[in-house]
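Two complexes come next, and they have one chain in common, subunit A, joined by subunit B in the first and subunit C in the second.
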Partner chain A sequence: MTAARHYSEALGTLKEMVLRMGGLAEQMVHLSVTALAERNGELLTGVRPMETQVNRLHVDIDEMCLEMIALRQPAGGDLRFIAAAMKINTDLERIADQAVNIARRAETLLSVPPLKPLIDIPHMARIADEMLKNALDAFVDGDDALATTTIVRDDEVDQLKDQVFRELLTYMMSDPTTIPRAMELILVSRGLERIADHATNVCEDVIFMVQGKDVRHQGP
Partner chain B sequence: METVNSPILKITELSAWFGANQVLRNIAMNIERNTVTSIMGPSGCGKSTFIRCLNRMHDLTPGFRLSGGIVYDGTDIYSDPIDPVALRRKVGMVFQQPNPFPRMSIFENVAVGLRLNGKNMPKSELAGRVEQSLRMAALWNEAKDHLSRPGTSLSGGQQQRLCIARALAVEPGILLMDEPCSALDPVSTGKIEELIEELGERLTIIVVTHNMQQAARISDFVAFFLMGDLVELDRSAKIFTNPSDKRTEEYITGRFG
Partner chain C sequence: MTAARHYSEALGTLKEMVLRMGGLAEQMVHLSVTALAERNGELLTGVRPMETQVNRLHVDIDEMCLEMIALRQPAGGDLRFIAAAMKINTDLERIADQAVNIARRAETLLSVPPLKPLIDIPHMARIADEMLKNALDAFVDGDDALATTTIVRDDEVDQLKDQVFRELLTYMMSDPTTIPRAMELILVSRGLERIADHATNVCEDVIFMVQGKDVRHQGP
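Then we have the complex of A and B:
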């Protein structure tokens, strides 16, 4: 095999690894929130083994990126791709961490009677999930337009988080015995908001990868 | 009057031919004062021809023809009153193979330019200039105790630094270097690269190189040539992270051809 072919195959493998990791993170979020919303604790059993896989990929992806930088001295689009992969790698690992947090809180919440039917939290989860999915698609296809439209959706998630907080605050004020459950739910919504933030970071990295333009910290 | 901030070289619509074969096509670029510019591109793209145009090294090449303008500090270097020998004092050159004058001592190799240029300077001043040039070329410490030995007794990397010292002795404004490290081992290459970076703060350096990592390490600007065209000239960081032209991208990522 020629060195050039080996290199382009390695770039392909790297992309595939990031995608696999993203898919796992996505599934972990989905399982955690569904378990909570549908009060189905069995769904949570899959989350832990997935976290182990994600952690493994987290290390492997960084190692592979560093190796390619050291051995191939990538430039131009290849360099931006590898830099993006390293950063996206970090965001995906954090997303998986947040999913594990949500799973833990779900476990706690499932052991007590429900505080209220959940509407906004599953809604938040759907948007965060879509954002993550779009971010990964944008990464795979180098689709900066999709990344750009996805970033905007972060505001919806932020608004829902505030809404969840306000609503649960009224519960806690009217009945202090709801505080432990309400707090868990507030932390779940915060986790989802963080997941959307990480998906936004991924989108920003995709835009950098495609255009070579850094769009971070340019909001109002 | 040219100011300190204006480009030291202004090249406009430069085309060059060897016989019927056009090797440079409408090259236009400015070279900023006290910067290092690398000329990069695949074999046969015209890089060496280009830098040789800058000190009229092709003047005696049969069949060579050139059009367009090369203006050095406000003067067109191909205009009539320009003496090519005087021009080459201002625009020095270092070649791929170290080429010290074989029968001359280390000292003489550096002093020869000053003598040939008709400068009848006192011995002590001459010695001072030789020392200064050898220091600038980072060779003084290694050579100061052996100045009377033949230049060719030095190692390859030292010989190349001797050639740089020789070029520096006549105080050029521009130093052209044609693949100055390709005949050297990595340690000698590192020394020459360090030297280029240092000298780049005091004079203008234009380097032809095949080695992209070297271009990235040493230069402020990189010009990418392809089949006689200047494809792109930009800051090195821009060229190696986000070049504007697809052909540059293909070249730097190794997907060329």
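Then we have the complex of A and C:
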């Protein structure tokens, strides 16, 4: 097998590992929020084993990236691809972390009566999930246009977070016994906001990878 | 000038840039929390201009790292150093982001009467600041022992965060008019917790850089 073939195989393997990690992170978020919204604690049992897999991939992807840089000495687009994979790796691990936090809060909330039917939180989770899916597709296909349109959706998530906050503040002010539950829900919505932020980071990394142009800190 | 001399100069410049960025992030956290604790809004005016500098460095450091990899094709310790610089760069930018959030909350809180004298929040900020200082020293000196002892302090910050949360929950439950202010303070303490988490990430990157060993996800 030629060195070039080896190299393109290694790039393919790296892509696959990032996708596998992204898929796990997505499922973890989905399970945690669905467990909370549908009050089905059984769904939470899947989250921990997935975290273990994510953590393993987190270490493996970094190792693979450094090895590829050291052995193949890539430049240009290939180097940007590997650098993007390293950064995306970090964001995916943090998304999984947030999912574990949400799962923990769900566990607490499922042990007490529901405060209210949840509408906005599952809605936030759906948008964050779509953002992450699109971000990963954009990475795999080198699709900077998709990455660009995905970033915009972060505002929807932020608005929903503010809405959740205002609504729960009203609950807390009118009935202090709701405070502990409302606090947990507020922190769940902040976790989802952070997940959307991480998906945004992934999109920015994809744009840099494709265009060789840093779009961070450009403001709206 | 020899290529080797050029290279070691470039490494020196990179180190300096990371340190400058770390120093700015540190000051931003310090100013925001001091403004809040001493109810001195003037201190907040320095935060925004520093954010602009941090964002500039964020982009420049990444660019410099990729350039060094592409042009010098480093391996071993040098490559790990550059990879660590890229990761630390991300964490420092997030710390600065958190400082800006805290400054915004401080502004809100300074426009209303104080809820209580703040003790634990400045205490959290001091520990987080020390962690960040140590993490940066560890990076510059390649001091994995310092990085290892610094990571342990993250637990102190987590405990203080829980303490702040419990105390403010009591305020909110006994007097609902305190809820909006208590919420802001809770979110400030979570910002500080995240800053300590980022300092921990920096330490883990330093250990990897020095030992070539990934210490993440090893549990306590």
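Methods note: the second predicted complex is superposed on the first by the 219 of 220 C-alpha atoms of A that agree within 3 Å, B and C clash if a C-alpha of one lies under 4 Å from a C-alpha of the other, contacts with A are read in each partner's own complex, and residues count from 1 in each chain.
Following the convention adopted for this analysis, a residue touches a chain if its C-beta (ideal position, glycine included) is under 8 Å from a C-beta of that chain, and two chains touch if they have at least 3 such contacts.
Nothing here was measured: the structure is a model prediction, and the numbers come from that model.
Q: Is A:Leu79 touching anything from subunit B or subunit C once the two structures are fitted on A? First, second, both or neither.
A: both
Q: Can A:Asp214 be said to touch subunit B (first), subunit C (second), both, or neither?
A: second
Q: May I ask you to decide whether A:Tyr7 touches subunit B, subunit C, both, or neither, giving the answer as first, second, both or neither?
A: Only subunit B; A:Tyr7 stays clear of subunit C.
Q: For A:Val152, is the partner it touches subunit B (first), subunit C (second), both, or none of the two (neither)?
A: A:Val152 sits against neither subunit B nor subunit C.
Q: Once chain A of both complexes is superposed, is A:Ile119 in touch with subunit B (first), subunit C (second), both, or neither?
A: Neither: A:Ile119 stays clear of subunit B and subunit C.
Q: Both subunit B and subunit C touch subunit A; at which residues?
A: 73-76, 79-80
Q: State the interface residues of subunit A toward subunit B in the complex, per the touch definition above.
A: Where subunit A meets subunit B, its residues are 4, 7, 73-80, 212.
Q: Okay, in this complex, where on subunit B does subunit A touch?
A: 212-213, 216, 240-243, 248-249, 252-255
Q: Of all residues in subunit C, which touch subunit A in the complex?
A: 55-56, 58-59, 62-63, 65-66, 69-70, 73-76, 79-80, 83, 86-87, 90, 169, 172-174, 176, 179-180, 183, 186, 190, 214, 216-217
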